[in-house]
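First chain A sits with chain B, and in the next complex the same chain sits with chain C.
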Partner chain A sequence: MRNQSQLWWSIAAVACAVLLAALWAFPLLWAVSTALRPEHETVSATFHWLPQVWTLDAFRKTLSAGNLPRWLFNSALVSLLVTVVTMAISLGAAYAFSQLRFRGRGILFALAMLAFLLPFEALLVPLFRTMHQLGMINSYAGLVLPQVVSPVVIYVFKQFFDQIPADFREAAVMDGANPLRVLWSVYLPLSGNIVWAMAIVTFIGAWNNFLWPFIIVTSNDMMTIPLGLTQTYDAFGVRYAQLMAAALIGALPVGLAYVVFQRRVTQGFLAASGLKA
Partner chain B sequence: MASVSLRGIRKQYDNNSVLKGIDLDIADGEFVVFVGPSGCGKSTLLRIIAGLEDISDGTLEIGGRVSNTIEPARRGIAMVFQSYALYPHMSVFDNMGFALKLAKVPKAEIAERVGRAAEILQIGHLLERKPKALSGGQRQRVAIGRAIVRKPEVFLFDEPLSNLDAALRGQTRVELARLHRELKSTMIYVTHDQVEAMTLGQKIVVLNGGRIEQVGTPFDLYERPANKFVAGFLGSPRMNFFEATLAGQLGRSTTVLLAGGARVQVAADVARAQAGARVTLGIRPEHLQIGRAGGHDGGIGATVALVEYLGDVTLVYANVDGAEAGEMVAVKCDADTAPPRPGSRVELVFPATRAFLFDEEGQVFAPGWVESTAAPLSQA
Partner chain C sequence: MSRGAASLNQTQLPQPASRPAPAGSSVRAEGLPAMLLLAPFVLAFLLFFLGPALQTLYLSLTESSLTRTSAFVGLANYATLVQDPSFWASLGNTFYFALLTVIPLTGIGLVMALLVHRFVRAQSWLQGAFFLPYVLPISVVTLIADWMLQPSSGIINHLVGGQRAWLSDVHWALPVVAIGTVWWTVGFNMLMLLAGLRNIPAEQYEAAALDGARGFTLFRAITWPALKPVFGTALLLQLIASLKVFGQTYILTSGGPYNTSRVTLHYMYETAFTQSDAGYAAAVAMAFMFVVIALTLVARLVAKRSS
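Let's look at the complex of A and B:
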């Protein structure tokens, strides 16, 4: 009786999971389906789940028209810079908040965490004005700098460092290591998975970021992929197949990065939550 | 090698005073053990010498140099942590050579020094392994090796054996003593284990509540404790204490009256006390002897509660007449003699020269000798 009841629960759970997975995957599958149609089929009055004529035309046109390779390069460079600088700043700040004892530490940490409460939108105007004054409009520095302070990442690293026994730091200090060396040689190697997880999340966030590039960039050559997609739309009119093809090309590097580092990301989140992988 | 001198060392955390004025001299090449109960400040004192804690007040000298504000790595010290604190991502070789690498010692010299330390500790075959692939005892050796390669003037050990099992603890104790003989370095060792303290220490520092209770050789502390705390802290089972009042004195022999009415003679000079003063009588378990009830003069009547056979000795626990319920005395008997049965009445006797008397503040009275007859003390 009990076994049968458990079986029904299992079936129901699997059914729910399949339904949720299908709901989640539907936009992606629809994008793939649309990108593989001829343009006229995307606006056809008759609905078809799959293309009636399979073609890579949309991909070919997207890659040859517009400025896609340049946008891809911009996205890669900006995302990489944002990730590296965010990791460096967050690791340093988290180590200081977690392991060093200095006057005003608590207040500084509280201030850093208060940034949680400030929506990025509220900072758009002052940030834009600052960047303008610094002459950083349409520059990589202007694209990268406002994105490199992440209270969430600092908080996650700090929580993780708090769990590392202080003996490691003290042993390294007795061995003659300065704080930077302790962080580099001891804390960083001990935090491998969580650093990877935070780096991937930061990279994806930076890759997908639309709002700030939209504000700071006006030049077509400095656009990133999400911003460039709007240009594709403008350039081609309502060309859904090409739009979807561009979106898929833009999402491909991030998807690949996630697939490659999936294991590390999962282990990192488990480490952050205190569970064992 | 270096001497260590502490003058008026105090440590304060907010309003909590952890060390309340420590004065101590540690000679060059000496093996000193800090011992005391949890929270007595022994680890804090060690960390202050290491430079891992700031000094609130007082002066620390290492090798004749005031070291209060000198960075830990420049004090000429090395520390073995309770947890060993081996870097898990580094091999044994890298763990041992990390300090030398930071000091920019040439690679060849690092290899040579690590190799020599590994040879002393017999861990040469483990150099490529990561700490997680080592047993507890091996990790412990690596931690000591990491300290040795730095050629420190002073070694600090923070309860390094507490994570080992009993057999390995005994073995490592012997090795540490050998290491001290070979290296001839000053060693400061923190433990709460009195066996470690007694066996390793040339000098033992007993701490309690942030103060030094007594400093001396293991023999001094055991045979001539300065106060009730030290007397009770060293020895297993601990010294038996009996509440008593001073009843009489003849020369430097004293008679005390126990709560149960028994009058016993103690070789103690109580000239500084008044008749009727409340005192504590202390007798170690190995100095108590069990006799037949009613068979002795000056014996303490008791009922046997529990008998523990330990192989080499037998421990007898008994409730003394007049003592509070649950308060038992321990008697260490020769395992060859038949112990009394639980519930049987016995009389506990002891040589008057082996008992201690403590005043109300817990300070020991000077030892005396036994006269044939004790006279009443003059009334206060």
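Let's look at the complex of A and C:
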């Protein structure tokens, strides 16, 4: 009796897992199946799950017709800059907050953490006016700079530095190393894992950022992938094989980063949510 | 840089040197390096965060276009706001969207977490399938959704029959965007709840199993009580995230039909960037900020109480 109900539970769980996994995988598989068809098959009257003729035409046309290569370049450049600058700024600030004694430390840290509370979305209007005054509309600087303020990254790094035994630092200080030297040669080498995790998550976040580029960019040549992909109807017209090819190309870098660094990515996202990984 | 650390470790670590440095001297010695290390962050923070935050407050008290401020008008924008049916409608749409997403996103997230936790051997596959959409850009998701929902040749209409134009349907537009959002973001909630599940000590299960607990009894007796605080946090974080909806509705429905899917951030955006009424948009932003901050504080309070 008990064994039988156990069995039913197991069957239900397996069925549930298979069903959910299929549901969640389906939209992407369907996009792949669409992108590999010739364009006329997407509007044909008879329905097929798989392409009747397999072709890479849609990918070829997508890459040569619109501004997609340019958007890919912009996204790569902006995401890379955001990641590098965010890491540099945040490591320095986190180290100062965690290890150095200076006046105003408490207030400054509290102020930085206040930023957790304010939704970025509510700051768009004055932020746009600031960028306008600085002449940074439609520029890489304008795209990058507001994205490098990341209190959560500072918080995660500070938590990590707090846990490193003070002996490490004092030993180096007694050796005559200045604080910058200590950060560089003692703390950084110890934080490889967490820096990687936060860097990947920052990169994915910057790659996927839609809202800020949407506000700050009006010229087609300065668009990043998430923004550019919303313009594809104008670029390709309503050609679904090409649209799906464009979507998949835009998804590839972050999708790949996730598949390759699965553990790091999940660790980073958990840490960035303020919860322990 | 790792070489330096290695040599430091070798030469210095064995010496126990845990003596607190004299406070006064170190403040002076460390003040300058601290300033150097903090300067880039402080500058960026003031320019791109604190500044705009204070400016939002100021702008909301003025009559301003997108680029210039013409007059200080006190609370006039707020007086308009409380009587503006479009604002209240957008807030209603926002909360309706939250209602449509919060429960499925946390509920399905919980089911997914339990499944990933249970099927150890399929773990990375299952987790991959559930989490992958979360790392995709929003417009990839909306492109795929738009194609699947296409009235004449989309696969959804092929499966359910008919030629419904889901995204311009008064009753369906927002629920359909909500379903897409569940697909897109549920992975994050799964991850949080999975971390919660992994924190439950195995001994608790073993003890309960010895007492004869199985299946759902085990879930009710051990899993759920231990997971409840994490679930509560996930619920409130999700509520806040759902209230910030903008991209999905903007791209998929443009707020239509008849503004029935125009959410608060969309209304703020239109007010500022298409009507160039930055003063009033700032008042909308302040109201939005108030709602989000209030809910965040409640979330923190609940989290603190349960931990």
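We take it that the second predicted complex is superposed on the first by the 226 of 277 C-alpha atoms of A that agree within 3 Å, B and C clash if a C-alpha of one lies under 4 Å from a C-alpha of the other, contacts with A are read in each partner's own complex, and residues count from 1 in each chain.
Here is the rule we use: a residue touches a chain if its C-beta (ideal position, glycine included) is under 8 Å from a C-beta of that chain, and two chains touch if they have at least 3 such contacts.
All values derive from a computational prediction rather than experimental measurement.
Trainee: One more residue to check, A:V254. First (chain B), second (chain C), both or neither?
Mentor: Touch partner of A:V254: chain C, not chain B.
Trainee: Touching A:V186 in the superposition: chain B (first), chain C (second), both, neither?
Mentor: both
Trainee: Between chain C and chain B, which one touches more residues of chain A when both complexes sit on the common chain A?
Mentor: C
Trainee: Tell me the contact category for A:R60 with respect to chain B and chain C: first, second, both or neither.
Mentor: neither
Trainee: Now for A:H48: first (chain B), second (chain C), both, or neither, which partner does it touch?
Mentor: A:H48 sits against neither chain B nor chain C.
Trainee: Quick one: is A:G176 in contact with chain B, with chain C, with both, or with neither? Answer first, second, both or neither.
Mentor: first
Trainee: Mind sorting out which residues of chain A both chain B and chain C touch, each in its own complex?
Mentor: 167-168, 170-175, 185-186, 189-190
Trainee: Would you pull the chain B residues touching chain A in the complex into a rising list?
Mentor: Per the stated touch rule, the residues are 50-52, 72-74, 77-79, 81-83, 85, 87-89, 98-99, 102-103, 146, 150.
Trainee: Which of the residues in chain A come into contact with chain B in the complex?
Mentor: By the definition above, chain A touches chain B via 165, 167-168, 170-177, 181, 185-186, 189-190.
Trainee: Applying the document's contact rule, which stretches of chain A touch chain C when the two form their complex?
Mentor: 2, 5-6, 9, 13-14, 16-17, 20-21, 23-25, 27-28, 30-31, 34, 42-44, 47, 88-90, 92-93, 95-96, 100-103, 105, 108, 111-112, 115-119, 121-130, 132, 145-146, 148-149, 154, 166-168, 170-175, 178-180, 183-186, 188-190, 204, 207-208, 210-211, 214-215, 225-227, 229-230, 232, 240, 243-244, 246-248, 250-251, 254-255, 257-259, 262, 265-266, 269-270, 273, 275-277
Trainee: Any idea which chain C residues touch chain A in the complex?
Mentor: Where chain C meets chain A, its residues are 1-2, 4-5, 8-9, 11-13, 15-19, 21, 23, 26-27, 30-31, 33-38, 40-42, 44-45, 47-53, 55-56, 59, 66-67, 108, 111-112, 115, 118-119, 122, 124-140, 142-145, 147-148, 150, 152-153, 155, 158, 183, 188, 191-192, 195, 214-216, 233, 237, 244, 246-247, 251, 265, 268-269, 272-273, 278, 281-282, 285-286, 288-289, 292-293, 296-297.
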